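In what comes next, chain A is part of two complexes: it sits with chain B in the first one and with chain C in the second one.
Coming up: the complex of A and B.
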């Protein structure tokens, strides 16, 4: 009876492979709309990442840092502790130290140590300043050759340099465009002239609940529908929602940690429903809550 | 296909400076060159003309009529400027434009009767720009009925379905085509026009003509009788005249759903075919659409 109501779709999301030699876990790789595993011939499960920073965690409030204790002094220890205690699928390392003036070689050494400290995939995110990100991420990419990282942000302006580095050294990239399905596609067309499509993740930018989440939702939904229903190859990349950073800068979250956890978990859950394949979170209670919801 | 040249328009820096300084030469040059390019009307767009509306449009019409005899399409949202311009036109003018909003019905529309001019009437109404073919139809039926009541015959009305930028609202291109197909039954005797270049707003300059050209061919096929265009796009003007024939036919074949082997096409034809697919909604738009 229900059999007849199932839809099948032409499009499949690319599987981005991690782990040494690319033999680790896969992000994406499914062929249904979000949580429609009953319709999928290749079911998938979104990834939950925990955020970590190197350098000073300037944009983190004390209550969100507290669960990680003194591990926050070192990204390798912080990442190891998060991975061990809270079970994320990925560590999302933001390089605060780029803006804080660290030498690129030091930054790269810290990232390499972090890679050694965890056995789950690592994303490494720059400052958004192209002039500093390109050399910093290039140093990181070289230091971590052999272990695929997810490097970003790659924007239209600096896409060539970073895509070439990722191509040559075996990493994947986060392609960032400002909340627009057409611009996301445009950047992917440009990137796939340099990199294989299965080494790209789309970041259409995230806003938090109460601060324009509807726009993020709508953009992600359009990207996902184009990819799955309309089989648009230039949008069949996994989507990332960078939730933690956006949520914890709101006054609602900053003023009340319990409320912040719910704010973070529901922003993440909403984006997962829209089609995100990977969301980044800061508070351990949020990841627990999202895991519960997904079950 | 009646072509209305868009190049005297206030958003162009050379035009806004010339109007501001009352420097007629650059404007007259533009008018002469457009007329030579073969367009049938010249659009004179002075925007809302908040300062000295009467004096500005009156001066512009005078200066343009000194050098060309091409009929004029007066383009302002300011009815005071519009009336001043209409009073000066030697040939039957085209009002650009009126719409279904209360303000436009009251102030702009009566000028068509008073000055015996043709009038562009868009599907805009107080609810905004309609989002599909059916609501465009509903809006224009009401507005035309009102205009007819003022004594403006449908034959003097040029219906504008409002072309939206493909980079912002890709599905609207198909809605415009659907609406144009319906128009002869909706408003028998009416003509039609579109501000073609708006389609490619926000697209890199080099790529804009591809979209404009293909849309013109498609819209003409479904009944569009005129368009406001870039007078200096020679290929566009050629296509409006049905040339080259094989290019026009290629767009038609794509419209008819024929699958064309890209490898069999010349680079120019390939670009045209890819653009047709984007405008028909078969391929999600991105400004790298020709590179796919």
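Coming up: the complex of A and C.
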């Protein structure tokens, strides 16, 4: 009876490769629905990333910054400390300094120093303002040529410039579209005309526990089912859930750090169950809690 | 409902072509339609032979049986789920959440758990939610010690009770002592022969076994003993174990209509108590019917209840918040006034950013039937008249010194019309994105002061 209930699926999630010469770890690369180890020939193991910012951590509350001490003054030191002490699979660096008016060359130099400071992959995320992100991320991409980064956000509006930069300099991109399986697919179709499919990660946007988490859950689940069950190649990219930023701006997390940690861990865990291959977190206790789920 | 009308019709007399109208309906197909929707009973057809009647009755049962635990306002009803993925329709009945109490726990720990069960509650989106179940473990093996725990739970709470004692003598003594509260009795392959004959026919039995095959075998034994209200109890273990067990059980029930697994599940923390709370939380989206926790504190309580509420939101109904004037950061005479829709995601985005801005503000939330700004504008639900009516109805003008109304940037074109409708108000076009609000509001205040 039960043997007949195990299914095999046609689709496989692309493996996005990091490390110098693409010899580092792989994100994705599995052929299973989330945690369906019982019927996968290549089960996945999602990545947990810790968030770091350069410039002023304006949208971080003091209790969330506290564990990182004075390392927060420099993204390289902050990233090194996070990587050493809390064992993330990736560092997710948001460039707050773009909006704070840093020169692009300075920004790029700081990112290059951060790459040197850690031996795990790095994602570099802009401000969302295309006019400033394109030159800033271009400078970053050039400064880090040879070490594949994950660059974003790439939205439909500005996809061409950034995708070309990533293609020419060997980086991968985060394709961001607003919580809809068809919009995610549409952007991927456009991007794959410029760069290979295995250099794209889908960001369908994240909402926090209590603030529309079910939307993110169902969007990610539908993307993942389309990729694995229906073998839709334009959706077979790993999915990222940017959890930390969304969670820590909720009232619950801002008012009480303990509750914020549960909020962050549950939001991340729920999205991992929906199909996220990479979630970004802020608090060290949250990453520890999510790790208890995967042991 | 498991069967379609056309499938039912084929099994009616003369292949559904008798059309005798004795059921009171125009023809056999109309009768089949009513049957499929549950609006009429099989007994209304006088010509069904008993074998077909039994077969149809069986086929028309929901693939996952409905089970009620406990009584009164704390009763938990689970089962009758119809989908594997919530976007296919909806997850129907939120899982019952409960706490594990062992009869060897120190008194302060027991007292804290009893307090949580009897007193803690959470209000969110106009709903009250709680932990409604107590699972009682007999760690001592001592009958009197177990009954003492049971008496405390019976006296101090109104929650549903799950009896987890292994030893048949202890279990049946507790069953007799709590029968009036309709406890769930947990049964294993080892004690089933002694326990099952002693139970009333309407008792809810939770079968516990090491794997899904063994659960199916045990539920078949319970069914054969004349008990039909069954819950399939699993131990959480690792996340991939949880996902495997819950997925196989739901697939067996929904896809294969396999009756021995056509029941809601219960997820218990592992015997050694080291099950990750995050794995237990994962049981909420992953089909848990009852989920039992070993540890509790206030932060965890809220996170579990919020996750349950999120995942059991019906995706077919746009989530809304109440249409009214919301207050942020203690608004006074100098507060800003903003307008938005009652689509919950729009509201949360705007409310969150207004709160973050630390600027005093009133947020006027229109009833747009759960449509977002652009959709409600194009559907005619977010127009100048509706905005003006809402502002007047709540007499917002009397709350501020300088009537100035911020409309969403996405409907900038409404500015002139709103000014015409709302005499005495200045209308300002706000940002297109909620994330720009924290920068926008202080600037607006500066300009108000400058003029």
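Note that in this section the second predicted complex is superposed on the first by the 291 of 295 C-alpha atoms of A that agree within 3 Å, B and C clash if a C-alpha of one lies under 4 Å from a C-alpha of the other, contacts with A are read in each partner's own complex, and residues count from 1 in each chain.
The rule is short, and it goes like this: contacts are C-beta pairs under 8 Å (C-beta built on N, C-alpha and C of every residue); 3 or more make two chains touch, one makes a residue touch a chain.
In this text the structure is predicted, and so the values were computed from the model without any measurement.
K.L.:
Looking at the combined model built on chain A, do chain B and chain C fit side by side or clash?
P.N.:
fit
K.L.:
In the overlaid three-chain picture, which partner chain does A:10 touch, first (chain B) or second (chain C), both, or neither?
P.N.:
neither
K.L.:
After superposing on chain A, what angle in degrees do the C-alpha centres of chain B and chain C form at the C-alpha centre of chain A, to the nearest 10?
P.N.:
Superposed on A, the angle at chain A reads 60 degrees.
K.L.:
Tell me which partner touches more residues of chain A in the superposed arrangement, chain B or chain C.
P.N.:
C
K.L.:
Applying the touch criterion given at the start, work out whether A:190 contacts chain B, chain C, both or neither, answering first, second, both or neither.
P.N.:
In the superposition, A:190 contacts chain B only.
K.L.:
Based on the superposed arrangement, let me know which partner A:178 touches: chain B (first), chain C (second), both, or neither?
P.N.:
neither
K.L.:
Contact-wise, after the overlay, does A:251 reach chain B, chain C, both or neither (first, second, both, neither)?
P.N.:
second
K.L.:
I'd like to know which partner A:234 touches here: chain B for first, chain C for second, both or neither.
P.N.:
The answer is first: A:234 touches chain B but not chain C.
K.L.:
Let me test your reading of the model: by the given contact rule, A:221 touches which partner, first (chain B), second (chain C), both or neither?
P.N.:
Once the two structures are laid over each other on A, A:221 reaches chain C alone.
K.L.:
Taking the superposition as given, tell me the minimum C-alpha spacing from chain B to chain C, whole angstrom.
P.N.:
Here the least C-alpha separation of chain B and chain C stands at 8 Å.
K.L.:
Enumerate the contact residues on chain A facing chain C in the complex.
P.N.:
My answer: residues 1-2, 4-6, 34-38, 43, 207, 209-215, 217-218, 221-222, 225, 249-252, 254, 256, 258-259, 261-263, 265-266, 269-270, 273-274, 289-290, 292-295.
K.L.:
Give the list of chain C residues in touch with chain A in this complex.
P.N.:
Interface residues on the chain C side: 85-87, 124, 212-213, 216, 238-240, 243-244, 247-248, 251-252, 255-256, 258, 276-279, 281-282, 285-286, 297-300, 302-303, 306-307, 309-311, 313, 315, 319, 344-345, 348, 352, 355-356.
K.L.:
Touching chain A in the complex: which residues of chain B?
P.N.:
167, 170, 283-288, 291-292
K.L.:
What residues of chain A sit close enough to touch chain B in their complex?
P.N.:
On the chain A side, the touching residues are 181-183, 185-186, 189-190, 193, 226, 230, 232, 234-235.
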